[in-house]
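The following pair of complexes shares a single chain, chain A, combined with chain B in the former and chain C in the latter.
Entry: the complex of A and B
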């Protein structure tokens, strides 16, 4: 760290003009500095102003925003006073930005080489003749294999992780002194994320570039940051070195946020942080966190706290920060509701296969198989009443596909689905009788998409009630209110539209709609991944309580292994539409594991600066599963030999019902995975 | 938050009032709606408020410049331009007022249907629509008008037919957009009937788009109608009509500019008004996605 200040933001306030002409602040009196060579993480939930702050550091304001006061300096020059021309010179050169979705920020019609060349031409003085060497050097620096080959490709020919690497290499092209990263790994698979973060860490130490890392993901922040800034409602509420902030947070919000993250090490549900942050302009005179704070004092309502320096060198916007560590004892995390083991089946999947690949017209005509391998192959799974089974896997593993086919939205190519002891279900929902339709309900990932924006909450909840039960208008209303209460919403929400609800509230309405049918089985498709962490914990707790009250069976699909752990009795790990491992959560998350599970677990990031992820496999994206052998053969870190390429591995059943599909004997797996590391997983 | 959400939360009846209020709160909406309302009012009231008989010809009054008696001057037959301008929008508004809803209804119906059915039928019909749209509209119109004549009973269905075709595309695109969303899948998974899904889930989301599209089509249709009059296929003399007046005045532009300017200003102000109002309507309904509030 050379100590020279690159970014210096003083007392910056940014806002926009509301519909009624009032000024609504998005950032309030923010102080923020970054020195050369330092990596600073900005963390906060959606709407906390973290991206606005990062963009303001570059001298950029989103449409409609304006500076209300304060200054933002880059290397001593005020960026808001610079001309567009001057800013253009700096951006991409002295400072560069890496956006969240680099697939969209790369020009789709230009080869990677041409785009990199342009970056070099604009931001360096290199002679044209040395561009090729420099480009190869840059791509090698971001650990892309066969750089010459990558240069000739179009962005769409690269995987998400590779695109992100190309974006990073473009940012490095100008030898920037500062990199701004806005959620650079959000939306990537866990293994890819772990790779990118390691790369960023290495680059920071190799090149001495300062980085500003914006994310909602405390695990990612923990992995890369020296210093962490926690934002809440447009204010900096806590700032300090990463270790202190993440391991012993002194602000009640930071504390609540951290304890709302489910952990791999803990099978209990995380504690929810109730309430929601104030909307821009809605924060009163007092502390913006007062409504949700467990240690709020009367004066917190009227006096806005200042940033206080603690003896440990942190800045915290809470005068009662000394009380925060004691909060731990008073908080309670809830134990998950377990199945009662009544042993009657809720649903059985029998050799279920689904094929997405559409046959071509010619193939149809000749009635031939075009040799494609099914997307999902021979899933056999038995789920007991009241049990929660988690399906985990990276994108493309077929998790959602399986749910859709259980829901009757997608026709399986072969196999059977049986509800309880009844006849096998008709393949498509149109052909199922009403009782079957009622028994299975689906909750989607993004409530913005799954709730009709034109329907009020009352109309949304009434849909299943009208369809499945012959209710009178009066009873309809009574039941709707009752359902809302069950998802902890009061009856005045009935007249609201989805656009008037927060993300968490929308998902609660979606949950209420699913429960309105009084279903036997609820399919949860990534139900928390569009939500903020604190809201996620509340939704998980809600699902858990409903399960306890109603004994509903869940199939819970998620890419987040920690989330799956805290809600599931059993976990099924999927790779490329094939089951790899199946067993009680406790055994799946301990040893031995299928090599793929091992890779996934190793890549999970904990909000702990000392936790080091283990990267065991490449993040190559496979488009289709291999025709023969083990589906994981190409990436497996423990591949034994040709047997993996030719023979489908057998199911090996270990303790309990823990089954692993691998050629390596279980004892051997246990030994090699246990070697050199503690068994605390 | 859009006007719709505000209004819907307090009840269905206030929906329209809410949308109009939201439109009026935007400068473009206020100006646009005032212009349209002004023109409609004039069209209705003009027979009672015009100072002269629109067909009173006078040799002495030919090409009189604007004066106290004739504030817009007189035309080549000595008729009062002010009177004729005030009355010149009546035919156009009646024809397009009937043809626009007809176009939106039939085009919308076919478009939504194609979006839902998909497959071969959709593909074939859409290619036909594309082929149709690639021909210049005036050519197609003239063929029909020459074949069937130029009365209102021909013009209204003809305009409705031609302007319904681009509506098919819009309605189909809007339908495909909505059908891909999860709330439709959710309704399907619940097992609602197809008709119920279309009525409850799809239509409310497509109708907004259709409404805005209709407003835009209205202004296009007005232009088309005036062009037909200009070419002599619309209204027959001596009925006053802006298109016809522009055609008549064209030759005397150099020395009687008031004669050509009056109908041009009248026609353009109506079309600009409709466009501004349609724009505000789109924003009030929350269709314009580029105008999202920050954050």
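Entry: the complex of A and C
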């Protein structure tokens, strides 16, 4: 750390003009500094202004935003006063941005090589002839295999992790002194995320580049930051070194945020942070967090608190910060509702296989197999009434595919699905009788897309009631209100449209709609992935409560292992459409594990600056599963030998029907895994 | 890729075949035929039978269709029922004239439309955008014959710059249509420009607000380089198909303009043929327009395939 100040943002306010002509601030009096070689994390939920702040540091404002006051300096010069020419010089040169979604941030019609070449041309003095070598060097630096080949490809021909690495190499091309990273690992698989973060850490220490790391993910922030800034409703509410902020937060919001994160180490549900942040301009005169604060005092309503220096060297925007540590004692974490073990089956999947690859017309005609390997192969799973089974795996593991097939949206190529003791279900939903359709309900990942934007909440909830129960108008209304209350929304929501609801509220409406059908089985497809952590905790708690009250059976799909743990009785781990491990969640999350589960768990980041992820396998995304042997053979860190390539591993059943599909005997797995640090998992 | 183009080509050929069948059937269903039209009140008894056997109309419909289609394949479109001349020859002149009009309108319209579309898209909500976007809406909504009449009034009657009506005979070489053809060209170009401009404008706006343009800005790429290297290649892709549709429309669907300017193009010939009950000509023109439609769309599809890397690699992997 050379201590020279790079970014110096003072009292910066940024806002836009609302529909009624009023000025609505999205950043309010923000102070923010970054010195050379330092890594600073900016954390906050959606709408907190964290991305706006990072972009403002580069002198960039999104369409419609304007500076209301204050200054943003880079190396002593105010970026908002620079000419376009000067900005073009320093952007990508002295400072560079690594965007959230590189898939969309790389120009689709330009080859990777051309885009990298552009960065070199604009920001280096290298002669044209040395570009090729330099580009290969850059791609090697971000650990991309076969760099010459990558240069010739178009962005869409790369995997998410590769696209992100290309974006990083582009930012490195100009040898910037400061890198700004806007959610650089959001949307990537856990193993890919762990790899990218390690890469960024190494780059920071090798090159001494300062980094500003913006994320909603406290785990990622914890891994890379020296210092952390917590933002809420456009304000900095807490700033301090990463250890203090993450381990003993002194602002009530930071405290609530941290306890709303589900943890791998804890099977309990996280505590929800009720309420929602004020919309821009709605923060009033007092503290912006006052509505959700557990230690709010009368004066918090009227006086906006200033940033206060604590003896530990933090700045906190709460005069009562000394009381925050006491909150720990009163915090409630809910125990997960357990299945009562009634032992009747809710649903049985019998050797279910699904093949996405459509057979060509000729192959169909000749009734021959075109040698493709099915996307999902022979899944056999029995789920008891009232039980929650979690399906986990990386993208492409077939978890959503299985759900779609159960819901009758996708035709399985073979196998049966049986609901309770009834006849096997018809393959597609339009061939299923009404009662079968009613018994299975699906909740989708993104409520923005699953709720019709032109229907009111009442119409949305009444639809299944009308379809399945033939209610009178009066009864419809009564039941709709009842359902809303069950998802903790009051009856005045009935007349609202989805666009008038927050993300969490929308997902509650989607849950109410699913429960309206009084289903036997609810399929949850990444239902919390599009939500902020504090809202996620509330939705998880709601699902848990409904399970307790009504004994609902859930199949819960998520890529987030901690989320799955806190809601599931049993967990099934999938890799490339094949089951690897199945058992009680407590057993799956302890030893021994299938090597793939071990890889996944090792890569998970906890919001703890001292936790170090274990990277056991590379993150190469495979296009199709291998034809023979163990599906995980190509990435397995514990591969025994050729047997893994040729023979499908057997199911080995351990204590409490915990089953692992691996050639390595269970005791041996336990011993070699227990040798490492992962023993206390 | 080649395989895929060949497949599209085959599909296009099949489409044209089906369309030819429909055209033939459609004409067949109409009451009366060339002989009833030609003989008028004498169309009965022996005279009608003689006429029909002379023209081969007494054979089965399938037989006649196969003969017609087969001849059409080698460029023989039959004999006009009205004038006993070769249709290929008659239509040939008209096709030339229509091509001249279409080509002129395209050369005038497409570059203007793309240029103005980009300009208004990049200068969104500024005065220049408002002026052109609003004018485009006017050009789109005012019926063509109204704008044509207004143009005639202004440019040929008041100002006297160009003739307002075409008097050159249909068989004349293309060059002799100047300057008479200029005004119809301009009117067509105007309507066409408006449609393409609106599309290009919204496409440019969408792309300029996109993530990769923001990324390029933050990479320090100068504005005009962003526009030309990053934004336009993506923003103009959807324009290809619209331009293709416009070309097909220019060849067959501009009857009104041809009538207003007395221009001897395909559209007017079709209308005349319909009122004369000269069914072989109607069939021939319908077939030509359908073929152009299919051909132009095929060309547009292949072109966007070549220019859009996402589509291109998708097909490359498949075949």
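What we mean here is this: the second predicted complex is superposed on the first by the 680 of 681 C-alpha atoms of A that agree within 3 Å, B and C clash if a C-alpha of one lies under 4 Å from a C-alpha of the other, contacts with A are read in each partner's own complex, and residues count from 1 in each chain.
Basically, contacts are C-beta pairs under 8 Å (C-beta built on N, C-alpha and C of every residue); 3 or more make two chains touch, one makes a residue touch a chain.
Only a predicted model underlies this, so the values are computations on that prediction, with no experimental measurement involved.
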Assess the superposed three-chain arrangement around chain A: do chain B and chain C clash, or do they fit?
clash
Thinking of the overlay built on chain A, is A:106 touched by chain B (first), by chain C (second), by both, or by neither?
second
Who does A:467 touch here: chain B (first), chain C (second), both, or neither?
first
One more residue to check, A:93. First (chain B), second (chain C), both or neither?
second
Between chain B (first) and chain C (second), which does A:118 come into contact with in this model arrangement: first, second, both, or neither?
second
Touch check for A:432: first (chain B), second (chain C), both, or neither?
first
Can A:60 be said to touch chain B (first), chain C (second), both, or neither?
second
Looking only at the overlay on chain A, choose which of 147-155, 165-173 or 219-227 in chain C hits chain B.
147-155
On chain A, the residue positions that both chain B and chain C contact, one per complex
62-63
The chain B residues in contact with chain A across the complex are 1-2, 4-5, 8-10, 181-183, 185-192, 200-201, 204-205, 293-295
What residues on chain A touch chain B, complex-wise?
16, 26, 47, 52, 62-65, 280, 407-409, 429-430, 432, 434, 437-438, 440-442, 444-446, 449-456, 463-464, 467, 495-497, 499-500, 513, 517
Please give the residue numbers of chain C that touch chain A in the complex, ascending.
209-212, 214-223, 225, 229-230, 233-234, 307-310, 313
Can you tell me which positions in chain A touch chain C when the two form their complex?
55, 58, 60, 62-63, 84, 87-93, 96-97, 99, 101, 104-111, 118-119, 122-123, 154, 156-157, 167, 170, 174
